[in-house]
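Taking it in order: structure first as structure tokens, then the write-up.
Chain naming follows the written order as A, B, C and D, and within any one chain the residues start at number 1.
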Amino acid sequence: MKLAVLTTGGDAPGMNAAIRAVVRRSLAFGWETFGCERGYQGLFEDDFRPMDHGSVSGIINHGGTVLKTLRCPDFKEPDFRRQCYKNLEKRGIENLVVIGGDGSLAGARCICRETVLSLAFIPASIDNDIAGTEETVGFDTAVNTALDAIDKIRDTATSHERVFLVEVMGREKGFLALAVGLAAGAEVTLVPEVPFRVEEVVADLNEGREKGKRSMIVVVAEGAAEVPVLANQIEKGYKGEVRYSILGYVQRGGVPTARSRNLAFLFGARAVEALKEGNKAVFVGIEANRVVTRNLLELPEKKALDLEILNLAHLLAS
Amino acid sequence: MKLAVLTTGGDAPGMNAAIRAVVRRSLAFGWETFGCERGYQGLFEDDFRPMDHGSVSGIINHGGTVLKTLRCPDFKEPDFRRQCYKNLEKRGIENLVVIGGDGSLAGARCICRETVLSLAFIPASIDNDIAGTEETVGFDTAVNTALDAIDKIRDTATSHERVFLVEVMGREKGFLALAVGLAAGAEVTLVPEVPFRVEEVVADLNEGREKGKRSMIVVVAEGAAEVPVLANQIEKGYKGEVRYSILGYVQRGGVPTARSRNLAFLFGARAVEALKEGNKAVFVGIEANRVVTRNLLELPEKKALDLEILNLAHLLAS
Amino acid sequence: MKLAVLTTGGDAPGMNAAIRAVVRRSLAFGWETFGCERGYQGLFEDDFRPMDHGSVSGIINHGGTVLKTLRCPDFKEPDFRRQCYKNLEKRGIENLVVIGGDGSLAGARCICRETVLSLAFIPASIDNDIAGTEETVGFDTAVNTALDAIDKIRDTATSHERVFLVEVMGREKGFLALAVGLAAGAEVTLVPEVPFRVEEVVADLNEGREKGKRSMIVVVAEGAAEVPVLANQIEKGYKGEVRYSILGYVQRGGVPTARSRNLAFLFGARAVEALKEGNKAVFVGIEANRVVTRNLLELPEKKALDLEILNLAHLLAS
Amino acid sequence: MKLAVLTTGGDAPGMNAAIRAVVRRSLAFGWETFGCERGYQGLFEDDFRPMDHGSVSGIINHGGTVLKTLRCPDFKEPDFRRQCYKNLEKRGIENLVVIGGDGSLAGARCICRETVLSLAFIPASIDNDIAGTEETVGFDTAVNTALDAIDKIRDTATSHERVFLVEVMGREKGFLALAVGLAAGAEVTLVPEVPFRVEEVVADLNEGREKGKRSMIVVVAEGAAEVPVLANQIEKGYKGEVRYSILGYVQRGGVPTARSRNLAFLFGARAVEALKEGNKAVFVGIEANRVVTRNLLELPEKKALDLEILNLAHLLAS
């Protein structure tokens, strides 16, 4: 048997730990194992390299992905995909493991529908926005990275008695913002799922100020507001200084946390085992705290944010 | 209504976040809220202080516990306990939240059996050895602290081509060792639950060496072996250099991770809510990834290590 | 004797360690010691509090400043200053220690010229842009914070094979950018002191790409370019993807490094000793790696960046 | 021209950054450049590999040394050394850069005396115990690593109201202990240079306790005392709980700090430049905060600890 593994879409900490688990689990089954470079682009360019035990040594604690990654819009073109399939067929690769985020799912599903390949998908994303799993590889690391940044900003906020808006990633989903806001004890957390009115935020902050709070943190998911604009609007109504910070790409990288590594390990091993058992279109996830597999073509539509926790966090912080 | 909160036993990162959640949730219900200093000792010495919103400001990201903690063997004495109960009664405190580890459970159960107090117990321990919850407050932080230390030791191990034994906490249970060993990609992980023979470890290491591994990590739970003795025994059979390191107290402290803080938040809030709902002997835990409450007097006997993962980790690392 | 200490201007990590050293050194001389809140504003509002040994316990490892800080443009008004002097006189405070950055020097000099107070100035700034000292309190921490962020961004840059522009603080001086760029192995470092042409940067990057470099880091001091604009300009000429990240306020906070703490300790103790010795207008700095004092009214005009190192860094990185 | 570089003795964070600078500076001069594996042992075994620009990419932020290292007692044997010289001669290598600690100096001096090679020595050691330079590569990182551990231990010490003894590295010199103790605000710091009496330490601690200090930190250099024994002795006289922790190998590894990297950069570049200028036996160091070169055969005998700072630290902490 032959197996290839690739990473695609935005990088997430723990992807390397997942590659390591996939490769080693595959080798332990006696399979010939390949790494495909630059995601779907590497399928197209026939850019494979053989992987042995040593190929994945010393990478478990590195952020990013040694197989490189790319967003690949060309994969939407049937001709492009056909070339990919030809390359896989030519090499006799029957098993493919795709490690990627929400945007890579559609491509993986295409492969399942259009080929006889056995494919397993490992959800890796700092946004945790993939339905079918309670947590994605990389999420825990990104939360801690953003939290560490806010702990630092809190020093300045307190010293200068300012309100600080901090933008974290999350264009459509507030999972990261909620986890970060909760852990940071943020006075306000704004997520894309819950519309808000600026006046209410201002009222909250002024109320906090009257109670004696001089420095406050507002965590804002990327998709919830334009942070510079919002900061400006708040400044007009709030009776103190307002500043903002956009955390940006820092959230993607870094040494993966134990949890991100261990999730990657369990997902990677389970993915190969599921292929070994003869499954064709596999999604590996964690549900009720147990690693499970699902049919990749029948995933639930969406995952909902726990709004009760959001409200409770607000109640106890402010 | 009146509520008091205390921390007892070994400290764990996230205890402060738990205190914050308990105090703020209690205040939000309009209850008069107290902190009791030095665990059960403070009950005896009537060492309470009133807590308001600001009493728990700025502590969410600090290790240790602002209420101090103590191991209190005297609490096994009925006379000692009677004095504690008198103090609580005198002050009219009907609700008590105990934040502590495995060793503090017995005391909490005594209180439930011997008084009419409503008591909620929040499991906080770096060992994660408490049955009835999948995870304890502080465990995730300790895992990451130990992992960070091993990542550092790996630098030296690789540069000098040595085998390194690293002792992590865990006298009776290997939860911490397993999580750390898995995340570190340790070649061997030794836990108290699984007896081992030194010759097997040596054989494993020599086999690794023959495959080309020059540096290897052996994670050892405190209760699995005497590390200095074991290092000496291994050195006799292994064909290379062996060193060891005992991580010790470093694992208890530090800035709590997001996960430890958020677990503390959820446990703390739920504990007070359960008391509000009229429950008497409450244990708060996480099960199937959901916060649940149980009867503190009817907890399961023990929690078992996942030996399959231990074996898989070994298979893929070595 | 009486001494007061204040922090002013932007906060810098290590200010608390400096406050601790000043307070304890003053107490050890037997002086009555005060903290003045919110910098020069606290002088105006007569906002002093007595400091004892315990007032500065447990703050050595905290970022920010427990005395709070403020930029205080009003201090340029003679009437405002007169009120400040009255308050100091009324309280019988003869010694003042000012901990602050470049923007606070002018105010400190005014006090020296207009009063009989003995004043010592401790340079604390993440920018290291104060002439008269080789290093300021907080600089080393900010360098390491920015470096840690770039190490993370490098993961993503490498995985996606992108050029990343990273903006670090430094409106007029490139000390922070140079130290960070050197330590990060940045392919290009742009500082306000050295004008550059976009075409040259593009040519450098394309040359690197031709040599096989797929990911490169460009460190940009705040004052050297508008980063979003520059990224856009580079993208037009560079044959690959370009992204940018603005590190922002994260650089101000955080646990101070050993070096920032120890510099703070030495400066703080020396400041009080210099006042004890009868000096009137003291600037404490480090020169040729030794703590020295200078006349605050006769500081050198400016401090120059070491352009040779900048060039060498460029030569060896690209 | 040909140049070889090697690392020898205990590893120190920043060695990789030094290798990078040496290799790139040498290549920029157009020299053929080699890495020699495992220190002096590699000279003996003729274990060289060619180094190009890419050989040192992506290592600047890694602890340890990619060239491996070894303590090599055999190098004291003239026959062993003769074989080393033969190998170097055979390959036509005229320039050798040795990166190592105090124990490697003797070997480097032998080479200078016994051959016509041009040799430059770069001091790298976490102990900072090498005369002729104010700071060694790796020292700053080790100080911060130990400090971070003590900050964590302080959490537990405070929560349990205990005295904690923390052993840091330093068999003969207290540089690391002093820097760490100062930055940690340790109540007592014990170094090999200053004999102490246990009763005095106990008296200090009891005095602190009477003043209201419930938790205290005693930093102990490895060579100052047997920490477990000392803890036991102190416990007999101190009126509270005493615990100890031995930091051990953790102090050697880890991501190098900016300062360790930049010192490595400057030393590495300067070493090669000095060889280019025709120097024969070069020691690179930092003095009065400037990079300097000295004659390796005429280094000062020893470097003294600043006892004034030690005393001041004690005065202000306790």
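Rule of thumb we're sticking to: a contact is a pair of C-beta atoms (placed from the backbone, for glycine too) under 8 Å apart; a residue touches a chain by one contact, two chains touch by 3 or more.
Keep in mind the model is a prediction, meaning the values are calculated, not measured.
Each chain gets a centre from the mean of its Cα atoms; the one farthest from the centre of chain B is C.
Interface chain C/chain D: over half of the residue numbers present appear on both copies, so the contact uses mostly the same residues. If each chain is reduced to the centroid of its CA atoms, chain B and chain D end up 35 Å from each other.
Chain B and chain C have CA centres that are 39 Å apart.
Our note on geometry: chain A versus chain B, Cα centroid distance of 28 Å, whole angstroms.
The residues of chain B that reach two or more other chains are 151, 154, 158, listed in rising order. Listed by label, the pairs of touching chains are A-B, A-C, B-D, C-D. Across the complex, chain B is touched by residues 20-21, 24-25, 28, 53-54, 58, 60-61, 134, 140, 143-144, 147, 151, 154, 158, 179-180, 182-185, 211-212, 255, 257-259, 261-262, 265-266, 269, 286-290, 309, 312-313, 315-317 of chain A. The touching residues of chain B, when paired with chain D in their complex, are 7, 11, 13, 15, 38, 62-65, 68-70, 145, 149, 151-156, 158-161, 164, 243, 245-250, 252-254.
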